[in-house]
Amino acid sequence: MEILERLAHTVLAALLAPLLLGVIARTKAAFAGRRGPPLVQPYRDLRRLLGKGAVYSTTTSWVFRAGPTVGLAAIVTALLFVPLGTLPAAFAFPGDLVAVAGLLGLARLFSGRAALDTGSSFEGMGASREAQIGALAEPALLLALAAAASAAARGGGDWSLSGILPALSGASWIAHGPTLAMVTFALLGVFLAENARVPVDDPATHLELTMVHEVMVLDHGGPDLAFILYGAALKLWVLGSVIVAITVPVRTGSAWVNAAVAAGGMVLVAVFVGIVESSMARLRLIRVPQFLVGAAVLAVVALALVLR
Amino acid sequence: MTSLTDLLLVLLVLTGFRLLGLSRLGASIRTAGMQGVLLGLLPLVAGESWPPLRMGLLAGGSMVLKGLVFPWLLFRALREAEVRREIEPFVGFNLSLLAGTLCLGASLWLGGGLPLPGSAPSSLAVPAALFTIFCGLFLIVARKNALNQVVGYLVLENGIYVFGVTAVPHQPLLVELGVLLDVFVAVFVMGITVFHIQRAFDHIDTDQLSSLKD
Amino acid sequence: MLPALCAIPFAAGLLAFAVRRDGPRRVLLVGAAAAHAALAAAVWLEPPTEATAGAWFALDAAGCLFLGLTSALFLAASVYAVGYLAREGSGRREDFEEGFPFANAPEAVFAGCLLLFLGTMTLVCASQHLGMLWVAVEATTLASAPLIYFHRHRRSLEATWKYLLVCSVGIAVALLGTFLLAVACPGQGDGSPLVLGSLVGAGPALAAPWLKAAFALLLVGYGTKMGLAPFHAWLPDAHSEAPSVVSALLSGALLNCAFLGILRAGQVLGAAGHAAFYRELLVVFGILSMALAAVFIVRQGDYKRMLAYSSVEHMGILALGVGLGGSAVFGALLHAVNHSLTKGALFLVAGNVLAAYRTKSTSEVRGILRTLPLSGVLWVLGFLAVAGSPPFGPFLSELVIFKAAVDGGHLLIAAAYVALLALVFAGMSATVLGMSLGETPEAPGAPARPLRGERLLAVLPPAALAAAVLCLGLHVPGGLAKLLAAAAAVLGGS
């Protein structure tokens, strides 16, 4: 039973993550007055892509082929450390939040290297922008998690996601309301940036010059593209579950009820992303660093507030 | 009421950061106005023991002056000016935000080192006041645009006001009204001066005011 | 008496805005100044009564001293201003330095702000409540800013902007210092923690760290207004671009008012037993101001700026004198009187020179003694006085400070003091003598402007001030000496 509980979140995430992409697409469609694709469309896309063969340019090396695989592997590994509600993560050790941030960084590194490997100037530009965004998002993420950890346990808990996130409850909000609110906003900023969403990046754009994430994967096809799509869905889930753990601190006795509520929260996060994408314009590229520095500043203020 | 005071102070710090990161003058003025409204709320939550007349006058006075009149004055000056944003500040906006975090650290450290002898409504009061003061000074030094410098002066005054409200709870009303009046006239005169600078120079960049030197 | 002293300038100032015709307004200006001076003289003659404890407004010895000084200087300046306004008037004119056209501010604004300026300075002198003192000092900035922008052209606008921003920010720092002072006061609940009397009465009960921090901030804040280096950035610009009447008032009256703010803070620190702390700070800033001013006075190309830097130097002397303690405090206060009168006279004469030669460049003005015999004589005498040569007042007060430094064993400071004074003397004498002697230049190429003759209204006020300086050098009247001694005693001097 314990093994089952431990693996439950990973399995759940692996199954449900693409659904989030579907929810986002449906929300955007609803805002645009369309019916939109069915919720399971991402699954169909994945199946279709997996059924195809891949074409590799002769100028690319093994790095190009390794990119999607390593990226997906890194994100799956990161998922193993993330709890949902009070449903525990598969693994936990003190400081694993740094490991999660590092794994996300690893995924980004390999997708960037793969993009550079193609030798295309557009993809190189995208890789450079993604690297810049990632470099700014990572400190914000770590600072926000540190603030959340301090708010959860006042420094007494072990510094693992499984120790921090389930410990947050309604009582934490009463004690550290402003801190947690700021952490939430900082994490939302990181969430949108890491997942290449508006206002940092526009996944729907059709102009290579303005793309960041999308332009990097232009040369991938077939199973590789499926890996990338699936990896993106899982990344959405990983970061989303951190936000949900803070914003929806429902802590009943049953871990399964908590997890179900948290999963509902994930859908809300997806709807939120859809609303943001429908109602906001993309930031100019030179404003993106400021957006992320702002998120980091929020996290710093939160941290200062809780450590004072 | 401690948590409400804390909330106000945190919001105050956040408006400070917002000012550090803004380039559009209109948004800066509006944010300074928001800060004014927050200041007006501060006596209402922090000064429970005050006489109601003083509380009401101070809260109403600063809300109306700093939240409405000052932004209105500055917007009038802005309408005359050709510029809408700070193009090339002496210190860039991201660097300003970074400097802001350093200021925050410094003010927390200083605030920890200078405990108030009386009973402060919140342990965050002195750090928040110091941060706002630093923020205002930084804006004055790091921005070229005259309007932004006026905003910086306002923020500086706001920080000192926070210190006054939280650390010196028994100020005579007359003095505080005098201070408020002075700040009002200062902003008024500065606004007029900015207006004249715009007319005489066709810009309001103070780094180009450099004909007087030895 | 005191309410009338404050009310007269404010009422007259507001009235001046409303009066439409120039003639009555000028009468109002001089009349209000005369009434104010008469009242101040009455206060002066009648020994200041003990301030009732807790009173917000009262005239103690120091306040009385600076009030009388301000009032006398303002009277001279207002008489001069009548002639000045008649000469300058309104309408468009050409800038003599860069040649672009500009207009002057309406005369009503000028006269009204002058009177309001006097009113705010009166408030500064009379404030016993440090919060009110702050309000009044900030008000002086705001009342005088439009005065600096009388000539509506770019350079004066720049000077006004710097003056407004630098002084407002500086004064804001002083407000923080004032609040810290209130925090240092243990019995905050008694309603009036910032009244000078109760602060001094609380004495050693005040919390030392807050008190010291408060003094440092007050010194920076009021020091900015006073023109102590390195916070003097606004001073040369404002003094050189403002009309000479205003420069005279800024230098002779406003700087003293800011100095009074520092003296009040020093009084509190002295009562709390931290006299050594504040004196050291004052000595450092005093020497620094003198040194920096000396550097800029030598080979200064603009004679109004030269006078402005001389003000920085003399403010340094004041700070140094109070910092040295003992009989130097008396010397410093006497020097404040001497400096105000001398610098007032000099700026007024500089206004005459400027009107006649239409340039502020020291190298283009030659032969003042020949062209403007009366102003020329006053110019040279004023220079001798301000540079500290006998038999004028400043010599006497500078000597008192020097003697106190030597007596106190501060030989290094005394040596630096004398060396800097000598340097300033040398630098100023080269400039002033060059301007005064020689032939009237014949402007090459340009149409020779006939240099106008001298008017009584332009010469009499500075002459009166110079005469007073000379008298002070020969004999300090007993009443003044008593007032100075009383003010010095409060500051721990003798």
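Structural remarks
Here the chain labels run A, B and C in written order, and each chain numbers its own residues starting at 1.
Going forward, contacts are C-beta pairs under 8 Å (C-beta built on N, C-alpha and C of every residue); 3 or more make two chains touch, one makes a residue touch a chain.
Just so it is clear, the structure is predicted and the values come from calculations on it, not from any experiment.
Judged by the touch criterion defined above, the protein chains link up one after another in an open path, with no loop closing it. Comparing the centres of all chains, each the average of its CA atoms, the largest separation from subunit C belongs to A.
Central chain (C-alpha centroid nearest the global protein C-alpha centroid): B.
Subunit A and subunit B have CA centres that are 37 Å apart. Here the CA centre of subunit A is 66 Å from the CA centre of subunit C.
Averaging C-alpha coordinates per chain places the centre of subunit B 31 Å away from that of subunit C.
Across the assembly, subunit C contributes no residue in contact with two or more other chains.
Within the complex, the subunit A residues that touch subunit B are 177-178, 182, 289-290, 293-294, 297-298, 300-301, 304-305, 308. Looking at the complex, you find that subunit B touches subunit A at residues 3, 6-7, 10, 13-14, 17, 21, 93-94, 97-98, 100-101, 104-105, 108, 112, 123-124, 127. Across the interface of their complex, subunit C is touched by residues 114, 116-118, 133, 137, 140, 146, 149, 153, 156-157, 160, 163-164, 167-172, 174-175, 178-179, 181-182, 185-186, 189-190, 193, 196-197, 200-201, 206, 209-212, 214 of subunit B. On the side of subunit C, the complex with subunit B involves touching residues 129, 131-132, 134-135, 138-139, 141-142, 145-146, 149, 152-155, 157-162, 164-165, 168-169, 172, 175-176, 179, 182-184, 186, 188-189, 191-194, 207, 209-210, 213, 236-237, 240-241, 296, 300, 305.
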